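To start, the structure under review is shown below, and the notes come after it.
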Amino acid sequence: MILSTIASHSSLQILLGAKEEGFRTRLYVKPERKAFYASTGLADELVVTKDMSAILKDDGIIVPHGSFVAYLGLEAIENAGARFFGNRRFLKWETAFELQDRALDKAGIPRVEVIKPDEVEPDKLYFVRIEGPKGGSGHFIAKGSELEERLAGLSEPHRIEEFIPGVYLYVHFFYSPILGRLELLGVDERVVIADGNSRWPVKPLPYTIAGNVGVALRESLLPRLYDYGLAFVEAMKKLEPPGVIGPFALHFAYDGDFRAIGFASRIDGGSNAPHWYGRLYWREPMSMGRRIAREINLALKEERLEEVVS
Amino acid sequence: MILSTIASHSSLQILLGAKEEGFRTRLYVKPERKAFYASTGLADELVVTKDMSAILKDDGIIVPHGSFVAYLGLEAIENAGARFFGNRRFLKWETAFELQDRALDKAGIPRVEVIKPDEVEPDKLYFVRIEGPKGGSGHFIAKGSELEERLAGLSEPHRIEEFIPGVYLYVHFFYSPILGRLELLGVDERVVIADGNSRWPVKPLPYTIAGNVGVALRESLLPRLYDYGLAFVEAMKKLEPPGVIGPFALHFAYDGDFRAIGFASRIDGGSNAPHWYGRLYWREPMSMGRRIAREINLALKEERLEEVVS
Amino acid sequence: MILSTIASHSSLQILLGAKEEGFRTRLYVKPERKAFYASTGLADELVVTKDMSAILKDDGIIVPHGSFVAYLGLEAIENAGARFFGNRRFLKWETAFELQDRALDKAGIPRVEVIKPDEVEPDKLYFVRIEGPKGGSGHFIAKGSELEERLAGLSEPHRIEEFIPGVYLYVHFFYSPILGRLELLGVDERVVIADGNSRWPVKPLPYTIAGNVGVALRESLLPRLYDYGLAFVEAMKKLEPPGVIGPFALHFAYDGDFRAIGFASRIDGGSNAPHWYGRLYWREPMSMGRRIAREINLALKEERLEEVVS
């Protein structure tokens, strides 16, 4: 059996995990990126092409990640004849504010407050969020008094949120239909350009993500986050049956309380930062990429593959 | 043989380490936290109870951590009939400024300067520290001119310290009476809410700990820290015989020089961030939790268990 | 066969890697640092001496690192009769602005802009960089209007650069002549004293390095960095034949674009932070230290040792 994906976002851990679990691998890669991916030897088959939509006719099991919607579009993914790991209709839930809010509200997970333009106060700080996953690009912080001017030039769909000063934590889950178990596999912080302010505050820096660092969460916070994860899985079972299959991530601001700022409805790039929590469940290192391949193996062994692909 | 602990603080690595070393495990957990801990299967026996003091009658070896004093109180721990890993009279040494200072001074480890209220200068920055381990909650930075007002509302025991701008490093040690060896097993930085200032300085943010990130220390700094660790072990042999058994951590501000800001007289939550230094001593990954279980195994093999429990 | 090095900088991973690959090890250590290094048992032979130049007569293979030039001087290294892993004439390339610039320009890697004193504008921020690897000590940020005064007291060779607000990423490569392959083994961020500004901005803090934290880079950035690595290897083949053998690191500012701020022409201290990228190439954890020992093993097996030592 072959696992296939696109060379970007979190394909390295997907490929490495597939190899660790004994699968063959196929990688679709753009010509200008071939040198790096070829150097690793992780892909048994390297499909070098400018047209990523070639993957939609792949005859293996496709493992989607955060670049799929951007490269292929939701409609093409939903209508493709190929087999995807996970519930492919879940992928759209991170792409619109309205869907994100509906899912979080259904799960009872507290959310960051959305501010209407006429509620803006001049001296307060606000966070302007661009809709959909953009790797942080375009998001910015501004004082209320500056907002009108800064929003004037903004053509992308966006909204104004309260700005929560504190830390931002990204919690990586895997829901296994085969085991009927939710696993909390890691937590990361984003490394963003704006972190440059830690050395010399120049203030208005971009939120573009450069990388991720794993965080060992204060243990007393974990049970609460796990309960949020369970509630999210239950909510998605109702909103998009059969619900979540495999990886998702909940994104939180933490200033003493947790408030969700969004989620990823697929493997989140932050799981590229290795974390030891996988050993809690598996007694061996378990990346999200490997966990996906492991679930396919578990499903194959019980002849239940149709429960984890769509 | 069974190792027992309370579900919080650093119990995950204690349980995982115990399993890795072949022990049975027992975990005391509050009902609202059961879902998460049960999901991992790390505890062979799960005692679900609102009353954590049930552990004081446990018939295994109890591995204490940073939540024990808060949950049970020092007196109950010192008087309990159960067996604890380590020197249980060492636990109190982190709970009071007076004891902390005495231990650090005896070891000759430089400390952060304590400021008397009448020495405060209006334009300088000061750090107000709450007594005892509180996970950072309540600590704050303030200008001298603001101090009187901010201290007026503060009912907890505290003191004023010089504020050292720089990095804060937490060094995790294990002293083995069986091997007669001190091991430096890791270093972490705390992730605190106040780190939110790295993206947009809003200044007076809480110091509450959210998590920990492992740091590979500049290697030239390690021998000095190791010597501080050795001096601390020697000091505690005199101050609280037989002295340290097992884990402790020294906490430092670093601005080019190291000055201690405190210590943990038990496994420190910062050791939840995995670190590779354990491989220096053991040629395999060695968390602090596993190291504790390993020491019990070493002691059992040499029939010296009484040297590592109290 | 014995691998030898000096107790500092990145000797721990060099020794651990050598042991993992089955070599004997010899470590030259100053008396005041002996306690720590002896505690680990990583060195089969411990040469305790105040005079590090004793290593220049070592009969094993010497693995140089970032403290060698400071301890021994370039001339003594280049003229020594002993065998060094790598191309020892490459070591000098990081020690002077002129050589760094020539190598980066030859490779076509964009560099941070150097500012002439008469181009300084009073309100802009500038970065003053001290020549050679100094662990960040002495570097500082200043406004143009403050520069004249601050530079007046500076006796070390230095230059003025544009200040790039953003994140700083250090990319660790290994070039294998035996396999004819460049490996991207890790990325780190420095932990510097100036990071203390993330909790309370006091602004002019030192850039001295305290440690390193591994970063999982945004995957879409990796192919570009890999191409820079390839170009650097090609450039050095022409500039200093036979070119790079083994480890080097490229140092970048990232504010949406990458611009090089320098490089390390030997194992970089930032590779002390463990990283998982080594598993991409080797399917097992592979530190830079271990990778060096692995290359020697590969060379020995093919009787090509002379291609990796000088």
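Going by the order they are written in, the chains are A, B and C; count residues from 1 in each one.
Methods note: a contact is a pair of C-beta atoms (placed from the backbone, for glycine too) under 8 Å apart; a residue touches a chain by one contact, two chains touch by 3 or more.
Quick caveat, the model's predicted, so the values are computed rather than measured.
Undergrad: Enter the angle, 0 to 180° in steps of 5, of the rotation superposing CA atoms of subunit B on those of subunit C.
TA: Going from subunit B to subunit C via C-alpha fit gives 120 degrees.
Undergrad: Same or different: at the subunit A/subunit C interface, is the fraction of residue numbers used by both copies above or below half?
TA: Mostly different residues.
Undergrad: What is the distance in Å between the mean C-alpha positions of subunit A and subunit C?
TA: The mean C-alpha positions of subunit A and subunit C differ by 33 Å.
Undergrad: Mind pulling the residue numbers of subunit C that touch at least two other chains?
TA: 192, 195, 197-198, 201, 205, 213-214
Undergrad: In the complex formed with subunit C, which residues of subunit B make contact?
TA: Touch list, subunit B to subunit C: 125, 141, 163-167, 169, 181-184, 187, 189, 192, 194-195, 197-198, 201, 203, 205, 207, 213-223, 226-227, 230, 254-256, 276-277, 279-281, 283.
Undergrad: State the interface residues of subunit C toward subunit B in the complex, per the touch definition above.
TA: Answer in residue numbers: 8-12, 16, 19-20, 32-33, 35-37, 39-42, 67, 135, 188, 191-193, 195-202, 205-206, 208-214, 269-270, 272-274, 287.
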